[in-house]
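Labels for the chains are A, B, C, D, E and F, by order of writing; each one numbers its residues from 1.
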Amino acid sequence: MQIIDVHGHISAPLALYAYQAQLIASKGFHGKGRPACSDEEVVDAAKPHVELLRKLSVDTQFISPRPFAMMHSQKPERIVHWYTEHVNDMIHKQVTAYPDVFVGVAGLPQSAGVSPANAVAELERCVTELGFVGCVLNPDPGEGDYASPPLGDEWWYPLYEKMVELDVPALIHTAACANPRESYSNHFITEESIAILSLVESRVFTDFPGLKLIVAHGGGSIPYQIGRWRAQRLQKNAERFDDSLRRLYFDTVLYSPEALELLLKVAGPDRCLFATEAPGIGSGYDPEVGRTLDDLKPVVEGIGWLTAEQREAVFQGNARTVFSRWKAAL
Amino acid sequence: MQIIDVHGHISAPLALYAYQAQLIASKGFHGKGRPACSDEEVVDAAKPHVELLRKLSVDTQFISPRPFAMMHSQKPERIVHWYTEHVNDMIHKQVTAYPDVFVGVAGLPQSAGVSPANAVAELERCVTELGFVGCVLNPDPGEGDYASPPLGDEWWYPLYEKMVELDVPALIHTAACANPRESYSNHFITEESIAILSLVESRVFTDFPGLKLIVAHGGGSIPYQIGRWRAQRLQKNAERFDDSLRRLYFDTVLYSPEALELLLKVAGPDRCLFATEAPGIGSGYDPEVGRTLDDLKPVVEGIGWLTAEQREAVFQGNARTVFSRWKAAL
Amino acid sequence: MQIIDVHGHISAPLALYAYQAQLIASKGFHGKGRPACSDEEVVDAAKPHVELLRKLSVDTQFISPRPFAMMHSQKPERIVHWYTEHVNDMIHKQVTAYPDVFVGVAGLPQSAGVSPANAVAELERCVTELGFVGCVLNPDPGEGDYASPPLGDEWWYPLYEKMVELDVPALIHTAACANPRESYSNHFITEESIAILSLVESRVFTDFPGLKLIVAHGGGSIPYQIGRWRAQRLQKNAERFDDSLRRLYFDTVLYSPEALELLLKVAGPDRCLFATEAPGIGSGYDPEVGRTLDDLKPVVEGIGWLTAEQREAVFQGNARTVFSRWKAAL
Amino acid sequence: MQIIDVHGHISAPLALYAYQAQLIASKGFHGKGRPACSDEEVVDAAKPHVELLRKLSVDTQFISPRPFAMMHSQKPERIVHWYTEHVNDMIHKQVTAYPDVFVGVAGLPQSAGVSPANAVAELERCVTELGFVGCVLNPDPGEGDYASPPLGDEWWYPLYEKMVELDVPALIHTAACANPRESYSNHFITEESIAILSLVESRVFTDFPGLKLIVAHGGGSIPYQIGRWRAQRLQKNAERFDDSLRRLYFDTVLYSPEALELLLKVAGPDRCLFATEAPGIGSGYDPEVGRTLDDLKPVVEGIGWLTAEQREAVFQGNARTVFSRWKAAL
Amino acid sequence: MQIIDVHGHISAPLALYAYQAQLIASKGFHGKGRPACSDEEVVDAAKPHVELLRKLSVDTQFISPRPFAMMHSQKPERIVHWYTEHVNDMIHKQVTAYPDVFVGVAGLPQSAGVSPANAVAELERCVTELGFVGCVLNPDPGEGDYASPPLGDEWWYPLYEKMVELDVPALIHTAACANPRESYSNHFITEESIAILSLVESRVFTDFPGLKLIVAHGGGSIPYQIGRWRAQRLQKNAERFDDSLRRLYFDTVLYSPEALELLLKVAGPDRCLFATEAPGIGSGYDPEVGRTLDDLKPVVEGIGWLTAEQREAVFQGNARTVFSRWKAAL
Amino acid sequence: MQIIDVHGHISAPLALYAYQAQLIASKGFHGKGRPACSDEEVVDAAKPHVELLRKLSVDTQFISPRPFAMMHSQKPERIVHWYTEHVNDMIHKQVTAYPDVFVGVAGLPQSAGVSPANAVAELERCVTELGFVGCVLNPDPGEGDYASPPLGDEWWYPLYEKMVELDVPALIHTAACANPRESYSNHFITEESIAILSLVESRVFTDFPGLKLIVAHGGGSIPYQIGRWRAQRLQKNAERFDDSLRRLYFDTVLYSPEALELLLKVAGPDRCLFATEAPGIGSGYDPEVGRTLDDLKPVVEGIGWLTAEQREAVFQGNARTVFSRWKAAL
């Protein structure tokens, strides 16, 4: 059985971020330019990452740009565009260098206050030219300005339409957070919850039956707070909340066994995709557990009530279904 | 054993909310005035509430104003003040009428952009004159304007100081939410999570060792997402997150058994206080379960791994510890 | 002779305002819902109102929603819409119950920053389905934000067009006022004055010759300050101000005899419609006068220089002319 | 009997306004500078004004800067200051040239968002050095930004304090109006009404028993709408509104006989000061009346119910009482 | 040889600016009106101006409205329009009175936030009806609000289109400056620099090959700082900056010989048009030099390396080329 | 003779800017941290820089942080502080490694809207602990928000006071520019001009006679536009502008010979300090000239009218005078 990790982010050379800093400082005055590194350095930057995946028994990881660095709220828009193109190109170089280990997932040049239609061309380029199989979708391109329409709004339809046309899923995952009341890390959770609640109340899946959306980090707070949403639907005599929720997919980036088990129970094993987001926040070593928290394969294996088929679905089957374009490529 | 429910809200007569609507429409032009109802009507309004508690086997419930109606972001400030005083007085009337069933928990006249010091006098009035034993604390008086300092900030110290002086805990619980991206109901969860993360990174418990804070709704997303916060602390070589978290208390207002069990595991039974928030969002009847979702006593009883002592602590012991002023009153 | 009072507002059960408070607090999260009262309670709520009218010798009163509670500046727009529909329905119930006493005048779901076209459907519903004969028009849906175009602006034309098509007049009457420099009550006066000055300088009556507008509360400040507006027209050699003014109608809701007499002189008895707005601000008993200030029938009767025809026109004739749809219904 | 007109504004040479335009355009870059005119031209500019007063049988007029040109909302503050000083100096020159005809009333260098304390020095200069006997007070230095505290607020106390100390009254009179919903001319009326309502509800006259305030233009809308304010007080069982109102003074700048009569009835002849504001908006000739509208002496004389004493008080006695400093100077 | 000065501004009677002050104070309430002066006064106001030009040996000067008084940021827009029309009419009167001395250059009714298309009709009127040969273009109608698109933006195309159609050049010259960090005088320099940099990086001259733009005051900072812009182009391997710069024209309003010489070297004598902006800031007498600083004819003559042809081009030839419409009129 | 270049910026390893990008993305969530590079890499990063200086015949260069990357407008303030400390430390490492070539000039942790007093401690640290001899002062920490008081304002006094106390000069040099109408590169010029004009009109040099300020890039536009500022002073009969200007110092970072010569004439050789800002914008090779534009030594040497003493002062003497702390250290 192949262990597929659907949620990873590129380990890029420092030159990428130095390039980004220059874009932000210059506001693009020097033109698009390029990160100051060779292709070899790009490939080398992935080495520790590849080794770590091996250690975690991950066979293949789907990598996208590091979200908290996507700079979607930076202006002018063109610096976001340039950065996104470069980071997608770097992903492509690493995927080309490690074809068995990495699969490309596109970052999108989203920009605060700009229609998602503006990101469609780069998605298309990544999928049709670079062979990427999905994308990361930031439901809050304002990065904490609370001004974007939520994901159930028609504002997002140009992007959904292209995703369906290209048959690629999106991983819902915010970027930075400018409001100092929240860290970007908790903002992930906040926005994933808002995204789910907006989607399940919307017409999105009626209008786009083929749309595939994976909510990162185990679905924010929703699986844990599911009781309150079930109750609300009962009071309204509407569709049961669990049925609505199961139109979405979830990754397993939850670094506690209890939470992971709750997710699998609530969402169902057929809706959960194995993921570690390693290397990342979970890479700290826990002496009490004797491993890093993102070492999730044994955690899934330790959930006794999963059948072999369910476990296989979580580890690889669901990923193949959702990232159908990738399966086709095999 | 007495079943104590630490999280309930007043079932007030319609006249209270008609009064509130008039304050909002008139901006206080007609003066403070009063809700158009007799004391008898206030007491009568509690009858179905009392019956429901009996049905849920709750012996005693701590009631505060209904949070989503606290109108903390309405201006001018004086209409918030007047409303809060009236609703606290109504609670007092119901507590007086049903002394075995109800215990008073104060609403605070918090106001967007106004120092929490402004709420101290009403807290003192409720505790010393009306015999209330705690208060509800809204970490976001702007009701979705994202402008208030988070709970770890010294801005909140005048209130903490008075709470410690009076020896009363606060239930952290937001009110309404003006930002249309979120419902007030999910905003509860969002803000509880932000509150916890701010508090555990702050000096608040160092500066106020006697401060007692209960996070409503099972702690927002934090117990479920605990892995990411544990990991972050491991990477920083800081105090283990679980140890920090256990400076707080949590109620059991989670309407799914899986979530409740996760909370008890993560926070520990000595940090969890039984609560139903009934009547409320959980009061819908679930035909699949055969009861309403806020019927939580059998859920707690069904958690096999809790010892008798632990179960007793959850049902009543912890409440007596935290609401020490109430215990003293017996 | 029938005494017709063209300016009254519904005496609704508290449940209506409790419903409104819930909409404001929840921002519509719970859906449209309905006020928690039976049809009987709606009808009962009108009883003291009907008795008061009898005491004031008013035979028939045209009732609309209570303006200061119209909540036009509350967001999201849908809660204004829902509230307006419910209050219009309640008016319909009271009109049905007291067909000789009450006539329905529609509240409009106006919303700050939203085109008046958005209110057209509800106007049509009220007139064609509920049998209403006029509407209340708020020239400041922002409720003190000073941002709406004044009534002479083409922005209002979609509404004027429908009014003419349906042959119904509007009573110009603001709602609440958010700016703390002014009470809503004085804001009525301020905005009525602005409305008149905008209309008399505009092309509105050229573009809509059939448009009928009644300015509430005796026309704000204009009849009293008429000298300055006459003078300005004289300096510009333009149409005499009095002639312009007489394209509008005025109600007699002025609670001092001197003011009422001034209005009748300045605007002419053929342009004034008897009204009391009772029960309302005028309902306070004045021991010096020996009656309530809104007891205006004797005041009108006490104006010696009015001919019998003029008095009849004020008491009923003008109302029948302006509310032509109502006359037709007899 | 001397006819004293307490409300007039300087007829300045064009150079004053050309100077003002240059200040506004340059934002003060060229320094204070001075209007490009000789003292002789300043005095000459008053000639038609003096003749007009004679024609209107006005013996003495109290002149201040033309209010709508006070530019209180222009920034930077120093250009307002410079302009105010120059226009006060010009008034002084005209008063010196026509000592029997003119008396000086100071313009104040008020500035949007700046404490009234900033205007105290210029008031003192005008009174103690130039011999002025009163000042004009703009309750809305933001000129239509609705942001200044109303006159009942303690924000204004530094100015009130100095007025009492110097024993000079203020004429309440706004300047321009930036909000296009209103003309500056109607804004006078709006703000005079707001000023009265704020003052009668405030502690101002308790805190400054010696304060003397004259509301321009017959008190805005208040005397006409007095019924609604009487009623409100009756409902609150508070001091009768008429008693509160009579702490203020009013001028007679109402260009219709009916309005003037209403004012005298409502406020009482002992509270009204004769004034024409001529030359000004009222100077247009009305062929139907056969004189200009600001020819108010015959209008006052035509009010039959005034006793000789009352008429004398209106024409001169009240002015001597209120402008006590002037009387002293005789 | 005729000395042509392409950059002069009208010496208007004070009445023009008094009129402007009244527009600003009244916000246009009194209608368009007109400056209070006779045609004779308009013509008389030019006399000292004409004498000064003779003293400076200027034969013909192209006069436009005084820029710092153009009031482009004043609202409502109509007062800008009215003022601009009147000042253009005054220019026409002076040109008619002194046909050998003056040539008309139109002021444009530009308005902050309003499309330049709004100024096209007045440009056309001035050129086709009044015989004007160019216009003054303010690149910052917001007068220091930093909100207008720079001159390279398509926002400006409607105006460029009309300029090309009418075959008239524009003198780039800002008006006032509201931001107190800068005087309007330095703001000229700031904005001229921004204008040049925007234009040379834009498609404007590709899209409008016939467009003729003269940058006032010797081109702001650009000729002095040219090294940094040359360097930037060298680093980008783009067209040499000097070649781009030479698509523009420059006037000689630089009151130091060193600067003037630098301009002529950097931009080339074929791109420089003689100008003094007299009377203006340069009219102060310098005792060390023994003349006023705007006495620039001897300065140009003193530049030894200019050939006779080049000198002639600067003094008159270039002006005839650029203001081709004027040449045609001879 | 030693060639001293007073205006250079650190050539830092990419890791510094990657670190900066991470701070901006994370808003400081991960704490201060450090750039991911060894001391050796820091020193290595300077090698090409050192070689370039040798090629340009620069013996010693004063290096500060690269201004356009100072991120002064980024929030929260602490990330600016952390970045500034690290970049100053890196400068110290390079100075230590190349003690003959480099001298340290401190970057200041300025922050939009925060008092300059906040930067005093880091200045003191750099001077007293790291041996730095000056600082770079950004007159626009808002980076194009136009909101900071100009340099003549007392707001800046806490910093001036410390500079005088430590006897260190500041190089006036802006950072980035957020307003898209301007590039950061032209914003340097704009703000240097504003800085000079504010300082020469202020009391700064009266209040701080010992203050030493060097204006970068040859003084913005001022030396070129000096005629207009001379003229203005002549008109005001104030101190001659040249005398005021000569209280400041200027560097020679002007990449055209004509401009450099103009600067030396206008400001005087005793007020100009040799500088190249190499490597930087001037480093592009100009095939027509046969060298890079920042190769300024031959340009200075080519100015024939400079005496040997003057040339020596420009190349080294003035620098020793102004950076007196450095001279002392020799």
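In this section, contacts are C-beta pairs under 8 Å (C-beta built on N, C-alpha and C of every residue); 3 or more make two chains touch, one makes a residue touch a chain.
Just so it is clear, the structure is predicted and the values come from calculations on it, not from any experiment.
At the chain E-chain F interface, residue numbers used by both copies make up over half of all numbers present, so the two copies contact each other through mostly the same positions.
Chain A maps onto chain B through a rotation of 180°, based on Cα atoms and reported in steps of 5.
The geometric centre of chain C is 35 Å away from that of chain D, both derived from CA atoms.
Per-chain CA centroids place chain B at a distance of 44 Å from chain C. Note: centroid distance chain D to chain F, computed from Cα atoms, is 56 Å.
Separating the CA-averaged centres of chain B and chain E is a span of 68 Å. Across the assembly, chain D contributes 183, 185 as residues in contact with two or more other chains.
Taken together, the chain B residues at the contact with chain C in this complex read 14-22, 24-27, 29, 36-37, 68-69, 71, 75-76, 175-178, 180, 183-185.
Partner chain D is touched in their complex by these residues of chain C: 146, 148-150, 179, 181-183, 185-186, 189-190, 193-194, 197-198, 217-218, 220-221, 223-228, 230-235, 254-256, 258-259, 262, 265-266, 281-286, 293-294.
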